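One structure below.
We just call them A, B and C in the order they show up, numbering each chain from 1.
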Amino acid sequence: MDPRREQETDALLAPVARWTPRFIVFVAALGAIVAWGAYAYSVQLQQGLVVTGMRDTVSWGLYISNFVFFIGISHVGALMSAILRLTKAEWRRPVTRMAEAITVCSLFVAASMPIIDLGRPDRLLNVILYGRIQSAVLWDFLSISTYLVGSLLFFYLFLIPDLATLRDRLTAVGRMRRWLYRKLSLGWTGAPEQRRRLGRSIGILTILILPIAISVHTVVSWIFAMTLRVGWNSTIFGPYFVAGALFSGVASVLMAMALFTHFYKLERWITPLHFRNLAYLLLLLDIVYIYFTLNEYLTVSYKSEGTEAALLASLYGGPFSGIFWTIQLGGLVIPAFLLAFRRTRTTLGIVVAATLVNATMWLKRYLIVVSTLATPQMPVGWGSYWPTWVEWSITGGAFAGFVLLFALLSRLVPIVSVWETQEAREPPEGAAEELPAAEAGA
Amino acid sequence: MRTRASWLALFLLLALLVAPPSPTVVPAAGSHGDVLEVGFKDSPTQVDGTLAAGEYAHNHTDPDTGMTIHVQYSGSVLGIALEAPGRGWVALSLGAVLVGSNYTDILVFAFDNGTLRSLDEVDHGWERHLDQAVGGTDDIIASGAATTATGWRVEFQVPLDSADDNDHHFLPNGTYPFSLAYNATSTDPASPQTAHSTEFLLHVGASPEIFRAERTAVRGSAQKLVAGQKSTVSGVLMNASGSPLPDQPVEFYLKTTFGLLYLGLGRTSSLGKAGIVYEPKSPGSWTLYVAFRGTGRYLPSNDTVQLAVLEAPAEAAFWLTTTLGITTVVFLVVGGVWGSYLFVVSQLFAIRRIGRRNVTRHPSQKGEGSENHPRTE
Amino acid sequence: MSEPPNEGMRRRQFLTLAVKGGGVAALGILGGKVFIERLAGVPEDARVTASGQPRSWVMVIDLDRCDGCGVCTTACRTQHNVPVGQEWIKVYQVSDPEGTSYFLPRPCMHCENAPCVAVCPVGATYVRKDGLVLIDHNRCIGCRYCMAACPFNARYFNWDGAPELTPEEQAIYSPEYPVVHRRGTVEKCVFCAHRADKGQLPACVEACPMKAIFFGDAREDAVSNGREVWRLSQVLRERGGFRFKEELGTKPRVFYLPPEGS
């Protein structure tokens, strides 16, 4: 291997080779938050769901909002890896693994959320033993488990050559990790036969993962759309949720890119070009999402049918108006402006836009769940919902858990795919002409 | 010369001598001497335990027992309501008609947990027997009861002049003694009374007609009907000798889980047949009551028939479609995807096998980064 | 050996494959049949009339008679030991746009096309053959999807009750008589299924002092409030009986008779 490539590989493997003290502290802090969330859940198990703010009118709250949110950001793996791969967009190479890692981590957290929401989690097996295929929850169960296994396989397949690299080059790490790398790299030597088989597997999964991902968020949306509730009884929920998922997924990748580039010193591979391309993608998805939002709200408002009128009033000017307008303005309009104009489309501007998008998309999921349930169906007053410390703690634990999984993953395997980056026929645009001196670890 | 007035007076005197003595009995010593006029009403009572306005002609509250008796007669039927302050049995005892006889007609009623027992008995001094036990008949035509705020109330009908000699016979212009008794708590008619009234008198005035009421029989026809289709259910009303009774009302009821459902009323034709149009809702075997309430002349009668209602022919709907569709799609799609996963895993095992083979053959080939990349197109 | 070893082996392989395949196929068909039947919801219960026909319970509520006293709610709560905060039959006060105000008692509608039954992931809530929608509290996982699906807010969740039943309580419990409650499951009005099975009227029907609630079998076309027996089809036609939220298509089994003069 030529020295330039060697240097590149070393730089990319540096975060994996050496864990900084700062990282340990970070992990410990996240672990503490997760532990606090676990404690809150134990309180809930002991005393029942009465410790939450949910009651008979608003019977779903933060947990289901978190579930939909994390399923949403899980779409980015399919988008980045599958779509960009199929369209042969070469600039994707440094960021695909980040996207796939987000998918895997968020799916695990997402799958735990409905279980935490259950009144009788000890009877979880009933879903398998007595499962009814006519229920949207069963479709969720099947599609999420299929997507989880698929995305794990997807992630792993692209990891094998890098695992082999880790096995060969990283001799200074602990025995456990070396054993892990050796076992998981499957004796990869780059032999033509192996390459053929891996190529075939990757090809199959690339094609499969996209419809699976789309089906996942579609069936999650059908949990809501298959009911007769105002605000949920909409025919466009499937595409609406998929568009929202891609939207918040791309925003998550942008945030992850910004953080990793800064902390792992990956400026050479993750360049302003990547930020710009993803910014265009984010802008495009923003416009698509605005289009769906207009479809949803304009058509309903125009007719303002009796039952829908109460919900709309609460969204436009009532108890939920603060959240509603924050989402539309802060999450759709402002990011669109930030991304559309070159002056604001700096790396900082893009990351700010992405953060705004992600934060408001979480609010949007909350709004979808709670505003509909709070709207009265019978001739009596509105339901109200204020999450309690248990719900906030578990939510914090969920987000901390996601970041923790992601961070640990980024220190176990290189977060930028080494072999894919080096496979590029030409160096990516905007890459530094000179190789920087080999870093002593991030 | 005798005037016309004196001829009239003589005739009247003779008439008085010849007229049969009205069968009265001198009131027993100790009675209050009250006479309760029974009173004629055009329509008979509704024996449902509640008092409608104008249902009874007269009533009397006995100061000794606190019981109230309401009376009327219509045609050949005597309608009586008794109200008692307690929850136990009540009894009406009708005094002897013929001098020298030593029995009284006793009617006993007990209301226990929603079930009314009506007993037509005869009292031979200290012993009481059911009429039926001593060769008579149970002539209580109808009875009904309801609880009141302070106690309970029974309404019943008996013929003024039944064919049973164990019963008291009421004749026009007759005055008859009777008394009331009740037990405050026990609904067992064998238990002794806790209060009784002294005797007082019932007076039946002259009325348009009093007949010994005729027994009737109504026979419903058991029919085969089809659910959802209208057809006629009918019944035939005849008297005891089998001749049809025209222009009488016959009511039809269906027995349902929670009570009798009124279906309708038909008037009998010249052949004694009455019918209504009925559309049964669902198939099966249903119990139909055909009832004749009775009028002044005729005693009520009823009949029970079983209606067999058949299923209406319907097209069989294939209602499994949606579920079957979902299941098929899900299993095909999910099966296909997981099958692909299994294929990929098999490829991974193959890669590992090749890796091991290569290691044993060429141990020096490890670690060549440039050859680590799979062929991806 | 009469035949070459290869052929013998092939034949043996074929035979074992055939036997295995046949066994699997038979199992598959059997399993498929059971599975399809379970999907189709063939029930284990069959409450029938005296003539052997399955019942079809309905309730009729005369809004003209209801005076909002709430005795029905109390009687129901007493009958089933309903936890505090739940009202299985709930009386709403409704005001017309014109200004007339009346009371609307709302039990569970026991819909023929019940959305709650459709969405339950484990089949804990199910429709009995006589039309009653019941809940098996031994199976409910507390996901509360049925509560989100019910358009009438007729379902209640046990947020803080006893976590599990004692063996004695478990012996009393049945979906028809959910008189002992456990935390983490959904519960609601059951049309007093335990009473209906014995030919008795539900507790709210018997308790109503205005005799405004009627209950009966639609196949008999008769409903009773304990005092009167009305012909269902006739009273609905003559009084203009309607179902609440008819346009949603859930086909509720509770009919309302509008108050006079409306």
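Criterion: a residue touches a chain if its C-beta (ideal position, glycine included) is under 8 Å from a C-beta of that chain, and two chains touch if they have at least 3 such contacts.
Computed from a predicted model, the values in this text were never measured in an experiment.
Chemist: Which of the two pairs, B-C or A-C, is linked by more C-beta contacts?
Modeler: Answer to which pair has more contacts is A-C.
Chemist: What is the chain whose Cα centre is as far as it gets from that of subunit C?
Modeler: A
Chemist: Determine the centre-to-centre distance between subunit A and subunit B, using the mean Cα coordinates as centres, and give it in whole Å.
Modeler: Taking the average C-alpha coordinate of subunit A and of subunit B, the gap between them is 71 Å.
Chemist: Per the centroid of Cα atoms for each chain, what is the distance between subunit B and subunit C, given in Å?
Modeler: Inter-chain centre distance comes to 32 Å.
Chemist: With chain centres taken as the means of their Cα atoms, state the distance from subunit A to subunit C in Å.
Modeler: Each chain reduced to its C-alpha mean, subunit A and subunit C end up 40 Å apart.
Chemist: Two-or-more-chain contact residues of subunit B, please, as numbers and ranges.
Modeler: 323, 327
Chemist: Any chance you could list the residues of subunit A touching two or more other chains?
Modeler: 133-134
Chemist: Return the residues of subunit C touching two or more other chains; collapse runs of consecutive numbers into ranges.
Modeler: Where subunit C meets two or more other chains at a single residue, that happens at 39.
Chemist: Going by the contact rule at the top, pick out the subunit A residues touching subunit C in the complex.
Modeler: On the subunit A side, the touching residues are 47-50, 54-57, 59-60, 114, 117-121, 123-124, 126-127, 129-138, 141, 223, 226-229, 373, 377-380.
Chemist: In the complex of these two chains, what residues of subunit C are touching subunit A?
Modeler: Residues in contact with subunit A: 39, 85-86, 92-95, 104, 106, 115, 118-124, 139-145, 147-149, 151-153, 155-161, 163, 183-186, 248, 250.
Chemist: Mind pulling up the subunit B residues that touch subunit A in the complex?
Modeler: Residues of subunit B touching subunit A: 322-323, 326-327, 330, 334, 337-338, 340-341, 343-345, 347-348, 350-352, 354-356, 358-359, 365-377.
Chemist: Spell out the part of subunit B that touches subunit C in their complex, as residue ranges.
Modeler: Listed in rising order, the residues of subunit B that touch subunit C are 254, 256-263, 280-287, 319-320, 323-324, 327.
Chemist: Spell out the residues on subunit A that touch subunit B in their complex, using ranges where they run on.
Modeler: Those residues of subunit A that touch subunit B are 1, 5, 9, 133-134, 139, 142, 146, 149-150, 153, 157, 160-161, 164-165, 168-169, 185-205, 208, 212, 419, 422-423.
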